[in-house]
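Two complexes, one shared chain (subunit A), two partners (subunit B, subunit C).
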Partner chain A sequence: MVDNKISSAPIKYDNTFAKEIYSLENGHYVKMCMQCGMCAVSCATRQIMDYSPRRLFNLIRAGKKEEFMRSNTMWMCTTCCMCKVRCPRGIPLVDVMHDLKALALKQGYVEYPQAAFYQAMWAEAFGRGRVFEGGIMARFYLKRGWNEIKKALGMKDLGMEMLKHGRMPIVPPRKIKGLKSLQQIIQRAQSLQEKEAK
Partner chain B sequence: MAKKTGVFICSGCGIGESLDVDALVKVAAKECKAPVCKTNGFLCGKEGVELIKQDIAAGELDCVLVVGCSNRVNYEAFDFGPSVVVERVNIREQVAWSQQPNDEDTQAMAEDYIRMYMAKAKTVEAPEPYIAENLSKTIMVVGGGLAGMTAAIEAAKANYQVLLVEKEAALGGWLNKVYKLAPVKAPHTELEDTNLEARIAEINDNPNIKVYTSAVIEKTAGGPGLFDVTIKQNGNEIIERAGAIVLATGAVPYNPEKLGHLGFGMSPNVITQSMFEEIAKKGTITRPSDGKEVKKIAFIQCAGSRDQEHLPYCSAACCIESIKQSLYLKEQDPEAQAYVFYKDIRSSGQYEHFYKKAQMAGVMFIKGDVTDVSEGDEGTLVIEADDLLMGDKTMADEIDLIVLANGMVPTTAFEEGVYMGLGAVAAVTEGAGEAAASCDAPAVPPATIIKSNILNLQYRQGPELPDLKYGFPDSHYICFPYETRRTGIYAAGSVRRPMDMGQSVGDGVGAALKAIQCVELTEQGAAVHPRALDISFPDFQLTRCTQCKRCTDECPFGAINEDEKGNPLINPTRCRRCSTCMGACPERIISFKNYSVPMIGNMLKAFEVPEEDEEKPRILIFACENDAIPAIDMAGISRLQLNAWIRIIPVRCLGSLSLVWINDAMSRGVDGVLLLGCKHGDDYQCHFMKGSELAEIRLSKVSETLDRLGLESERVQARTVSIMDYEVIPKMLAEFMEKIEELGPNPMKGF
Partner chain C sequence: MRYSVYPGCSLEATALSYMKSLEPVAEALGMHLEEIPDWNCCGASVASGVVGDFAQQVMTARNLALAEEKGLDILVACSSCYMNMGLTNKRFKDDAHFAKLANEALAVGGLKYNGTLRVRQIVDALVNDIGLDKIKARVKRPLTGLKVAGYVGCQTVRALPWEYDDPERPVLLDQLVEALGATAVPFPMKARCCGSSHAIAQTEIVLDCSREILESARSNGASMMVTPCPMCQLNIDAYQGMINKTYNTNYAIPTLFITQLMAIAFDLPPEASALKYCIVSPYEALAPLGVGK
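Showing the complex of A and B:
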């Protein structure tokens, strides 16, 4: 189990950061955590998380913003919903995790590959109305930088095989009809979400 | 004296299939010369009962032996009024169901039981109740707090006269000091008003309740139905007679002076929960040091409680109190920060909603051990703790106010205003142990009685209620709530165990009901729990008394006083009929009409002890009626095979064990004696507190007797069983049997 220590300075309870989290759409649920640990024992990916969801929530309440933002916990969430159905306090952990990821992206904490993947996927979906794997791949590796691109080139044989079997399209699909309207819908939804959270 | 005994043998429930009922009839009619002996295939049915009733009417039987099922079932079917003694011979659970069917040894066992009970029937008499004169049914409630007021109102509603005695000038107790109450009503999230005026008005308006405020109890004499209470009020002494007493004197906060390690006394801004209530009641919550409005507050839970050096127990109410108090601050200023440092949040039942409400309001709960409290800048405070959930050091600074949840101590735990901590109680017990060691016989350490100056009982064993643990005067938290070790005195509220307001209300109602049961049963001359409705009572032949004081010492309920010469003075209304005194008396002068030393003596002389060469040993079992007999019955119900050599005699409590029985049994050639009683010690299960413990102590003396007879002391052993232990009984008997076989047969056989 990865068990990152919290920085050795004693926790000084400061609720500025906690308040920032509480203002997210599902952020107020973090208050309700009673630290029973049911989420941690239910989590399929707990072994590779820096902090279990329970600990992550406690970091938020203790005001440890940097540790929180740099942790991989929310990125490792596979949204399997096991914690959500088991939480005795009824906290929709998956939704909270989603909000936390969104916040991290918004504030530029994108060091984990999952973050880049989320961004690439979303840009594709938003810009085309459908997903083009080649596009996602290109965006992902460009975001991750030169080292990752080198790694990707190492996999070129596999890529060639996939191309041969028609498993990877080269030509991007057409944009959907009424893409403008879809984008308007999404933007409207986003503004509504922000409003509601306040 | 019972002369005409009718024997009625039931052959139903598989008895007829596993035993030769005709042979049993022969034993009863020919050998034991019962004037009437009949059998029926369904004795508890209408016809069977009619059969017995006809014979009672025709033959004027005064004793009926019902040979069939256990006395734990069908007791209503076989109740033929107070003038007919009914003895139940259990050949169903103890013989037919737990022995080899149609076996010669099984048959012998059933026949022996008939012989034993026929022997008992010779001397058994129908008990007559002791009904005292001038019995009072008034219920006196001591303490006018929430539990006491509730008990008074409930008893008065049930149409009993109530005396409510309160030390302070006004009723209300702790409620006078609190700002608001934690929720007891749905949705269990809102703070509630104390509603004190309405409660007091309800008491003042009730014509059944007589209130004495600014009053203390000088003296409590007598017993249930006959308590003569001297109340001192404004210098006047008033004597009132009461039937039962509800003790609801509550608890006081643990002395915070002892909590220096949590910063009390270091800064005026470290206060207790009750001090915080005072501040909240005044209006704005401010710092005591400079009157600055509180912006950051910390609560330290278990300040004293669950701490071996202070109060080893959980004070039960403080978690909810702290949650409530944190909400006071959130009510005043939603932006203010509140931290609760806790060991475990114990928000039982519906309080979980209240806990959630505090979390929603933004109260921070930190599970951790507080390691240090120090002063910061400008009158602020700093808490350092080990955060157990993050596994790290933690620190909260710039705290304006620290509130210690300092727990509660029952008012019965103070002697002359001094809290008798654990050390003191231990010292008292040790001293008693030395005193006991110096006299010839080992004795059970007497119960600790802290002279808390509350009831001032005129009891030989001491002026207050015996302490169960930590100064709480209960007798068993789970099995007999409200019961103290003084009959007719029931504890309610936080004097009984630490509890919150909601539970105190429940306790007040419960104790009032117990008090009502007590006055009603006393009026009938019957015992209260656990031998409720038993109308027998001990009879002392005082001419033969040697003033040894064992009965007055050992009575678990302090029922026996002494005159100046040391003669026992029995208070029958205080008696719970455990017959511990009967077992204690070396002169055997104490007996009941339907239970006495000779009666059991006759029983154990009645069964047959085969000769040594027959290789059929005999084990006599004295089994406590409260737990051991039900356990044996349950073994029978589960069709577990029991040893074929046992003969069981039920006893009211192992405390009634007389050593002469063991002596008699051994000299008859019985190979072993096993005592089955309840668990004793700190978490005892004995229904009469010390019965099984006393029996074991008496046993330690029996080795002398056995040595005199040239026998091994291992032949007599005691075991503890609980009602759920029925599965282990066959093994227990087998092990004992093995031991006896090792020792070989009793050489006294045939003498």
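Showing the complex of A and C:
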């Protein structure tokens, strides 16, 4: 028999997680979402996302941190900016996604290959001042291990074509002259941002 | 006209043909390009997902600060670079608090940016500074009969919507193509995403996105695609073979940078059109125009 008894106790939402998100650089924009779904219909990769951006924002409000952190949504974003251009509330969804990715990385949710790619590319940019594709790939495969390397071997035709047509330099570009200064600038920016968030 | 130019990392590597064609084409049009000294990576669309928008924009701002002394508009070829440079520049102008904080960080390296420059995408500068008439007048080998799909991509028109073109139905690239004497075919997917940098982490995303774009170009009768974006060019060109294998298709659509097509139309030496860097051979499509290896 169906239990028709409805509890009169008010439902309690735990908004700790929502507050954590709202404190991020672009996190407050999440509050503006009116759940219209324009982002979902505009998205280039919606069909492979666990949750559309609209639904992801709802998870934040509902306090479902684990589901949120384990979802692939932010990692599937290609930064094509269609949702950002179309959002009737003017939410810069792409920028919000940046924060969500950074949060996931910070808290160790790194199971998606994109997480390793982001870390690899950042290590290149920060360590050299310019990005070297060969370096990104080496770092990425080291992080992801044998399965990913096997997949890469399946793509060797493409690699050969790239080499043959002079599209894949084997030697990395020289580090920029002002590298040390650039790194100090970035570190200072990071500490300023942390202070701002408080 | 003088410009500062920000090449960006890909123009030194996977998109070498962009730089090799941009320089002579610009020269032919009287654009004088001066590279920003010791520029650094803008962070692409990745850095802010690791260190946040602010740190990434400060990193980008180092380039703006280095360029400011000359006071020239900054010409940007790559789409992600354009997005980052353009957005950061806009924030310096619009957000005084941001500008103050960012300058506090830049000061560690003895730099300061006052927000006085303009950041320009190449298509914007070509159409709005040089002008279609002057480009038309420079054409020595009209590309008559060549059917081209102008693939604009995402970020060049959507990073700063309406800065110089429609963010969803851009028209300037097609106008450029037509100014060269070619026919710009209708191309509904012209501003859709190619899958971007997922190529390394999850290749199937690029294969799926790029296949739809190729199909749209083919079904509209294009024999070639042109783009102003290094990422689009790489994905459509280099991954076309994998797309054919995966989906049992037989696309053979060469994809050139708009500047490469301009070099051909201007009848510049073969180094300027840099066609040897194309993975899908462009020579069949270009044969009626008398362009050979």
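Rule of thumb we're sticking to: the second predicted complex is superposed on the first by the 178 of 198 C-alpha atoms of A that agree within 3 Å, B and C clash if a C-alpha of one lies under 4 Å from a C-alpha of the other, contacts with A are read in each partner's own complex, and residues count from 1 in each chain.
Assume contacts are C-beta pairs under 8 Å (C-beta built on N, C-alpha and C of every residue); 3 or more make two chains touch, one makes a residue touch a chain.
Because the structure is predicted, anything quoted here is derived from the model rather than measured.
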{"item": "Which of subunit B and subunit C A:Val131 touches, first, second, both or neither", "value": "second"}
{"item": "Partner chain(s) touched by A:Gln35 [first = subunit B, second = subunit C, both, neither]", "value": "first"}
{"item": "Per-residue touch tally on subunit A - higher for subunit B or for subunit C", "value": "C"}
{"item": "Which superposed partner A:Ala189 touches (first subunit B, second subunit C, both, neither)", "value": "second"}
{"item": "Partner chain(s) touched by A:Arg89 [first = subunit B, second = subunit C, both, neither]", "value": "first"}
{"item": "Subunit B versus subunit C as contact partner of A:Ala62, first or second or both or neither", "value": "first"}
{"item": "First, second, both or neither for A:Ser23, with subunit B first and subunit C second", "value": "neither"}
{"item": "Interface residues of subunit A shared between complexes with subunit B and subunit C", "value": "none"}
{"item": "Residue ranges of subunit A touching subunit B (in the complex, touch as defined)", "value": "5-6, 10-13, 15, 22, 28, 31-32, 34-35, 54-55, 58-59, 61-62, 89"}
{"item": "Complex contact set, residues of subunit A against subunit C", "value": "24-26, 44-45, 48, 74, 76, 78-82, 84-85, 95, 97-99, 101-102, 105, 112-114, 116-119, 121-122, 124-125, 128-133, 136-137, 140, 151, 155, 157-158, 161-162, 165-169, 173, 176-179, 181-182, 184-186, 188-190, 192-193, 196"}
{"item": "Residues on subunit B engaged by subunit A in the complex (per definition of touch)", "value": "337, 339, 345, 355-356, 359-360, 362, 364-367, 384, 387, 389-390, 392-397"}
{"item": "Subunit A partner contacts - residues on subunit C that touch it in the complex", "value": "9, 12-14, 16, 38-41, 43-56, 58-59, 62, 80, 83, 101-102, 104-106, 108-111, 154-155, 158-159, 161, 167-168, 192-193, 195-198, 200-203, 205, 209, 234, 238-239, 241-242, 276-279"}
